[in-house]
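In what follows, subunit A forms one complex with subunit B and a second complex with subunit C.
So, the complex of A and B:
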């Protein structure tokens, strides 16, 4: 039995996902670079935010390309938040690439390759494209075909703007492309002077009533203003990596489809660098050093660190911002201990910003901001209880409880989260301390338990 | 005592002047382009329609003068070159004027407009990047 399959039509509602740092809109600094206590989603950390603000200004002025910054502090003290704040205040014009330290370990690409790709994604090149165009509304097209049917056609095209009108004599080629594009009186067209390419922008509003029936795709536009022969300039910002990819596509469309560009030869990169430098000297390009943010930088190993050392010295280098929550620990890939798990020689090149744990008042404020972000109403007592939980366990745990408590509250059809809801989720979900407590009590009944394991190896 | 209102007025006058300047330049470009297109039409007409006549009538102000054809064409071509140059100069000046107006109004400066353009070959090479 054959049955035609009816295509299922599903209405996909867009789900706004709320990320851990979606409430951050900037660094929250005033014009004198002083940090406001609560602003743009940032709370507390006044000293480190001010430091980040100074760095931000230097990035904006293009002063510190090729430098590196390390944001160090305990877990949950707003390191990523500060980096996000920097990214937000840089605006869309400065390239910002974020990556986690563990992202570079992949089977398809070597570590240094993915690092150099990340570096080159963080450098923008601004270029300008300039075209001379003729833009106007077609008043009349008149084409004279020879009576014999063969031979050169001649024609005249009348174009106008709101200010002027003129007649162009048409050659054979132009007539062909005009009739191919079905250009008729009332269309607004542009003609590229260099290539002779015609593009239809739409129909003029003044001719909207010419026909009663028109396709839905007919677009109406205003008759162009100003002169007929215009100069159009478009400024593009592309990243060095994008130029690399285009130039390394030796295998044609394959790279496009798989989405995997693979490794890019260093010769290609050198060629691109040379070309871009040439453009810069000719005044054809501006280089915008962007920001590369590496979170969890202690996950990088020794080879990556020495690569970073080298890459920072290149003259096309972005600002590198790293974040780590480790103290003195083993550098990955070696047996040496070092502060932040970063080799001393690299550490020596860094500007270090420290973050400190939040106070009770700040914790309360952050929880309030998160509640607003996650659309959960919290009663005053519940807020106080949650703040205590946040102080005694961790801020992250308290933030997790917001949305879960919100769900419990909705289940009992309440509008505001009460202390009971918090208590309930607190008993449902263990925090890290209670969880390890539980493990210690019942470790005998778990599989594969090894009592004498030391605490987690952090490398 | 009225220092503030006076200063505001001065500032506004300055902005208005700058804006007026931009508009005048734009109008000037339009006028020159009208003239340029008129010249172009004349050149075409000389080539196609007046091919047989020895002398043509040229309008100077409000007077028609009979003039040799080759001389006329030369004259118009010279005028055309002059116009092209003038329009280009005006366009470059317009950019600076718009920037000045933006600065006065506290708007961010247009980025990258002082760059010189890529050549057509270079544009073609990275075209699929630009036409994302």
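So, the complex of A and C:
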């Protein structure tokens, strides 16, 4: 009875990959909204982080709709980092939609349509819905893997309450999540029948006397009573866009073939807005305005900007955060020059947060944090050299050198990255300045050098 | 819904009738967006299938829920889609009425008859099937009585067990019998669109 049948499973708890901003866990502010010098992966930029903190409070309050913030600064000064910090501190319940300015240009959808979809993805609705759940104590889990190693796994799960017992057939996804959550006989679990989400409630009291090593946090609960399947009201957050999609689907069996959302009719949107307002007045639902973050906002063109102007006026509008690294430049789609490549009338509506270049100390600190994140050990001298490189070239280049130097170091079976390793990768990989230098020197030997074009137009 | 009686709701609904396969099929669309579909045998006028479909709160089209008759044997979804479902060896619960009584069948119950106990729970307005070996338990309400707001009576309830099947029978009260006859008369007046495929106008 006590022997639990949990099969050994190849580890499916996926290791998260290390992204450019995965070291950021928040904005690093104290209760008085003062920025700490180094906290939650953020370094320096005290004034801009403080400003972001004020914006964060405004978002959390949720009363103000349609505010827009622009984070402007040179490349590599932590604009995206600040936005990520806001996203992290908002928590999972507030919708945070991030997109890059170039993402909206698609042949399948008009620019304004994808912008309004992005806007509506950033508004959450908390609503009660009835779902069917299965709640019971696990009697037995049995998973058969095909001997060849490939093919579908077959699983059976026996659950019981004080009154009854039922055997369930498990789908592949279910088997995976059961083994990921390490569900074993004697656990009391609930399964959401529609989504397959499993939550462990604890261990059954009848198993309390099993001789078994268990953590201090193990909770004992009573075996559930009555029927295994119950209907329960759960509160969850869906975005307005999801409601749009549900209601705009072609009905019937055609819905099976139209997986993509496509354009959503404005009548559907209006209907949904009215419905949501009705729910809110009846107290059935709560609206959670979230955040829409548009990176590289200078990539938007004139039409998008005028759409933004209009969209921000709606009372169902999220807080819009934009980031750009451009100075005075041409507005896309026009011949006018404007600061940040954004028309003045939109700029007028924005709160602008500026980021400034990092100092030497801050650069050093950031590199240290990145080293920890990427699990590379750096000697003191190497760290100083890398900081120098970071200041003279760019912070991004220096960060790129961390993992490459780490690899070089490992190849020579060292444990700590030395100055030599840094030197080696520095000579192997060119930074932007050296690369341009090289281009200038050897321009003539490259292909197509006879067509002398003026400098690249990036706007 | 409570202040309006069931028969009035039925009358106010949009109905489409169709005669097909020796069955009279009727589709009801109620004012609140719910849909009901019934099938009657042409010869015996017995109710074969009654199923319901609701829209979810967010507006998504729901699945058909069978109230009376065999569960739907829809296209079998792939195991990836189907996250979890009951094993086929489990008891199968279904309702199959006769002219004079509501009747439920629970198949796949290979236990002796004295294991089972069936009773009415007036407080919850439902019938409870219990097993002393703790293998099966089911609480269900008689939806017809709920809709007409009639009380439950323990003496109308009986059960038998044979061929691994538990049969629970509840005698239909007078009110239900008259209501059903009235409804049937009404439905027969509906112009059946005859054999063949027709577009269901209410859908």
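The definition used in the following text is that the second predicted complex is superposed on the first by the 323 of 459 C-alpha atoms of A that agree within 3 Å, B and C clash if a C-alpha of one lies under 4 Å from a C-alpha of the other, contacts with A are read in each partner's own complex, and residues count from 1 in each chain.
Keep this in mind: a contact is a pair of C-beta atoms (placed from the backbone, for glycine too) under 8 Å apart; a residue touches a chain by one contact, two chains touch by 3 or more.
Note that the coordinates shown come from a computational prediction; the quantities given were computed from them, not determined experimentally.
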First, second, both or neither for A:227, with subunit B first and subunit C second: both
Touching partner for A:282 - first (subunit B), second (subunit C), both, neither: first
Which of subunit B and subunit C A:129 touches, first, second, both or neither: both
Subunit B versus subunit C as contact partner of A:235, first or second or both or neither: first
Which of subunit B and subunit C A:193 touches, first, second, both or neither: second
Partner chain in contact with A:375 - subunit B first, subunit C second, else both or neither: neither
First, second, both or neither for A:93, with subunit B first and subunit C second: first
Partner chain in contact with A:169 - subunit B first, subunit C second, else both or neither: both
Overlap of the subunit B and subunit C footprints on subunit A, listed as residue numbers: 127-130, 163-164, 166-167, 169, 226-227, 238, 242-243, 246
Residues on subunit A engaged by subunit C in the complex (per definition of touch): 127-130, 134, 152, 156-157, 160-174, 191, 193, 195-196, 226-227, 238, 242-243, 246-247, 251, 272, 275
Residues on subunit B engaged by subunit A in the complex (per definition of touch): 26, 29-30, 32-34, 36-38, 40-41, 44, 48, 91, 111-113, 115-118, 120, 122-123, 126, 128-130
Subunit C - residues contacting subunit A, complex: 56-61, 79-90, 130-131, 134-139
Footprint of subunit B on subunit A - complex, ascending: 93, 126-130, 163-164, 166-167, 169, 194, 226-229, 231, 233-238, 242-243, 246, 279, 282-286
